[in-house]
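Below: the structure, in structure tokens.
Chain nomenclature is as follows: A, B, C, D and E, assigned in order of appearance, with residue numbering initiated at 1 for each chain independently.
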């Protein structure tokens, strides 16, 4: 199923159809480029400005990946802490929720007082991305088959063994689901972080390109940057889906896709 | 378990400890209010400016709830569409990912060309919140017990019946997990949307209060607004957790919490 | 004849820097000129600018000439028809110890992304500032207050007030305009098509706005301030007073050419000078037909000059 | 006891040379030939893992054969037995919906058929009564013992009064007395509904007591290795269970099973 | 056959007046008195839903009694049987980890005991060989038939050579021949390890064949209603299975079971 070429061709077809619709919309309504640039204009810009845009993309991608890694580490670590006892979960979850709903845009300046710019951007991206990992992993850790839990208890499994060999595998499909959400959020978080706390000028990420293009009303370039962000997002999502498939294909319904 | 007073007292205790630590940090380091205001200063501001702050909170809360409702509707509807066939899922998921990773901050000005301010804010909040619902519900819909699926097939269940009576109940715990993530995100989304596309001045939400307080260096008020946002977030999370408990307590492990 | 309905979009929440427009609205000058004006305040990020070319608003309050020239580059059919601020209110704000502009070169500077994309490039070129000393400014002065060895950007009419209140000291201010950043600011932009098809309407709006500014600065501005406070309840009388005082002290609105040409004045010479400086600083490309970004058709007529104190 | 309705012997379905290979290269069935006739009570007997459940799933159309063919009889009866709702299936595992009560689980097939709670109630209660669970109608699956879960699953299969009943070791988790009672109840249902039953069991005694025909499977690859026919008109009761014929038939079946296992 | 090691008869554990009430107000057990002696093979027999599984879970310490007391013997043997790893449990459902192969599932209790893959391999293969699944070591649970899953679960319980083995209908899903073979294998294991076995079954024949003592449960509330003792020194083989004593014991047990059910 996953090797069928349709799996790749169809999404590409849908994307092509979307781009076509976009091109037609621009053409038929005679939209000026500052309202909605045509796809070819955007592509041209993308190629023309590739040096500066790709450099920025790499910066943003780097932040995203580090933030995602930290989100996974932090989210899973917290989930494990919460799973140690329900009472810990009740006590600390409100703090996690506070972190999640804190508008990074608002607190970024305060962070800048004590943190370097790069760290502040990372913290922003992390705050945005860690919660789905935490929440889904906690849900998974709490969904253990009670009979298996009993088996582990009987076998004299230590807390740590129960965790590593029972709870974590059970939580895996939930965790991977949370990871797929967090992937995109880490990217948005990186962009928002760059906007809120990021350095500008040379060597800065896609967010600065977007703000700069908006300031200069260079809308085609703004769209080129947006498209790079979308592509990055799709790539991250595809990579995480592949990971999920590799890990779960032998045993979890969600990746078996119906047996014959 | 859920009726034990500890369930409420402990989180409150932890919060109290946090506030105390905050107060001490301010006192011992002699921090000026524009860096970190003391909790009592913030509380004072909260009481003094309650009229304007609570009015703003209601505006933001309203946006959040509408966005959350739309996120649920949209996320579930898309998940159902995706569940109709794996091929649909492959084809359309990239679009969902694009929507998720689109930095609303960047596109909000473009949205304002065609949408009214309120609608634009809503769309921003929706974009941020819908993905976890979609992603988790899709995961849930794909995790159906294969034997039960066979049973439905044998009983001549229609597509619609299988959906309503098998897939949706199976997906429920996953969906509710996604909802708890989306609740907080809808709130952030509303705040970011207000910042990106929101009208300012009268009748505007907490985001505007924050930006404006920051601009005027009225940091105690900024913190008062932040605290209102955190409280709103915790309230939403608590409400969604309660919902989850009510719905799942009779049958799902995650809400049973170990049987005796 | 019914009054023409027009919408004027600003680029920030209502404040004293928009006073002249509110004045014309409050004291009936717009009405007298046959205009039924709605003022649409902007916000921290809300971008009313794109609403102009697509026709959702008729006039837009441009921040400075850089954006107007960008519009030419991007072939956006808008132009500046009046410049109400002769000097850009952009300042660099430093702690009291700083005495000379050059000293800022060794300090950490909090500059916004927009600033970095515009005037900062000129500072680099003209004064040898460097990008590496910049930290992002996000419209919150706390980082500046904490770091005694820093300076930050700001509007002369607003940030210094908050800093005086919260920091408890009078900061040193360097108005960029006084150091050679000679863009006009707080302009009125409109669509080329409106200029061509209904110049009378444009002229009436420009004239009424100019009169509004004279009255706001030199007449009874109580009603205008009431309107401003209605649109933005957060603002206080003290803030408004501070802003007006600074506008007067630094000649933001009424200085230089306005003595002869009246408020709103623009000249080709100054535009050329500005463009050349910006090209040299690599903020703008050479070869842009910058003259398309403005027109002198509606200003320099001395309208309302009689309202200024002698 | 009334003489039972004689099956008219017309074929309901026939598997010819059916094979089933799973994607992990395990060959569960190969060259399976078997026939099910209308109104029959056929038991499938065979070693663990020989493909009985797989054969049942093939008949139900839940999986496709990877070789050979499955043909349904051409007449009206066969056509009607293939309709949705006409097949009742008791899976080897209880397969209950964890979110529904016992009542809700048994209601399911009727609900899918458009029959509301109120209207279905008598049939549901009757089925629950039959399996001795009338007192547990509001319990949830996780509150039931293993045997009780299986009985809910049996009630669910019977509640629709199916024309073709496929049962995969339905009574394995039950004590002998309950099992004997349900054996008789099942025979009663079979007679009353004149339905066809394909029954997987591990109990030689049970297969002899219940069926009109026993198919003994051998393993890897699974196929029919012996067939025993038992007079369908033989009354099935305690007299039969203690009769020498019964003992003889059991011995014969056990031998066939032993031979099937040796062949592997 | 060598005479089996005689149990020394010291009590391993005793349940006195034990009750178990679930949160949904179902009383599974009430006033349950029973004793398990060291080295014994005790079978629990009783109607479906009478609390056999609950009693087993109580003994294993997986659930707390809501009334009465559970006392363990005071001597060294009893102490050692309570150690972790010393109890083997076969659940009524297979309870396999879906993410691990057959090998991995059987490895689990050893792994939890710190014994690595390499070191554990001989024991694992031996256990798999015993249940006839050596060829399926790399299969995943979802690729197994119902009986095969149950056998994996049995192999997992045996692989640690436990001192106390609690088995909840381990052979219910198996064909008679496999079942007979495993019956004998289990007796062999019991003799070799000199362990204590508490065995839940629904088969009267099996209980008589295997046990040295049979406890017959009655239902709602569950408690012991009869006790049958079978000479532990009686050799268990085909001769025994076809002997008149065996038939007599079976009849007696069936009667006790029938009386237990009538009492309900």
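Operating definition for what follows: a contact is a pair of C-beta atoms (placed from the backbone, for glycine too) under 8 Å apart; a residue touches a chain by one contact, two chains touch by 3 or more.
The shown structure was predicted, so the numbers you read here are calculated from the model rather than taken from an experiment.
Traced through touching neighbours, the fewest hops from chain C to chain D number 2. Distance from the centre of chain E peaks at C, each centre being the average of the chain's Cα atoms.
Rounded to a whole number, the gap between the C-alpha centres of chain B and chain C is 39 angstrom. Our note on geometry: chain A versus chain B, Cα centroid distance of 16 Å, whole angstroms.
Centroids of chain A and chain D (each the mean of its C-alpha atoms) stand 50 Å apart.
We define each chain's centre as the mean of its Cα atoms; on that basis chain D and chain E are separated by 28 Å. Within chain B, the positions touching two or more other chains are listed as 35, 105, 109-110, 113, 145, 195, 211, 214, 252, 256, 259. Shared contact sites, meaning residues of chain E that touch two or more other chains, fall at 22, 93. Counting only residues that touch two or more partner chains, chain C has 47, 49-50, 54, 138-140, 142, 146.
Residue ranges on chain B touching chain A, taken from their complex, read 1, 6-7, 10-11, 13-15, 18, 35-36, 86-87, 90-95, 97-98, 100-103, 105-107, 109-110, 113, 128, 131-132, 135-136, 139, 142-146, 149, 173-174, 177-178, 180-181, 184-185, 187-188, 191-192, 195, 207, 210-211, 214, 222, 225-226, 229-230, 232-234, 237, 252-259. Chain E makes touch with chain D in their complex at residues 22, 24, 26, 45-49, 53, 92-93, 139, 143-148, 151, 168-169, 172-179, 202-204, 254, 257-258, 261. By the touch rule above, chain A contacts chain C in their complex via residues 32-35, 108-110, 112-113, 117, 195-202, 208, 211-212, 214-219. Those residues of chain C that touch chain B in the shared complex are 13-14, 41-51, 54, 56, 138-142, 145-146, 158-159, 162-163, 165-167, 230-234. Per the touch definition, chain A reaches chain E in the complex via residues 145, 147-148, 150-158, 161, 165-166, 169, 172, 250-252, 256, 259.
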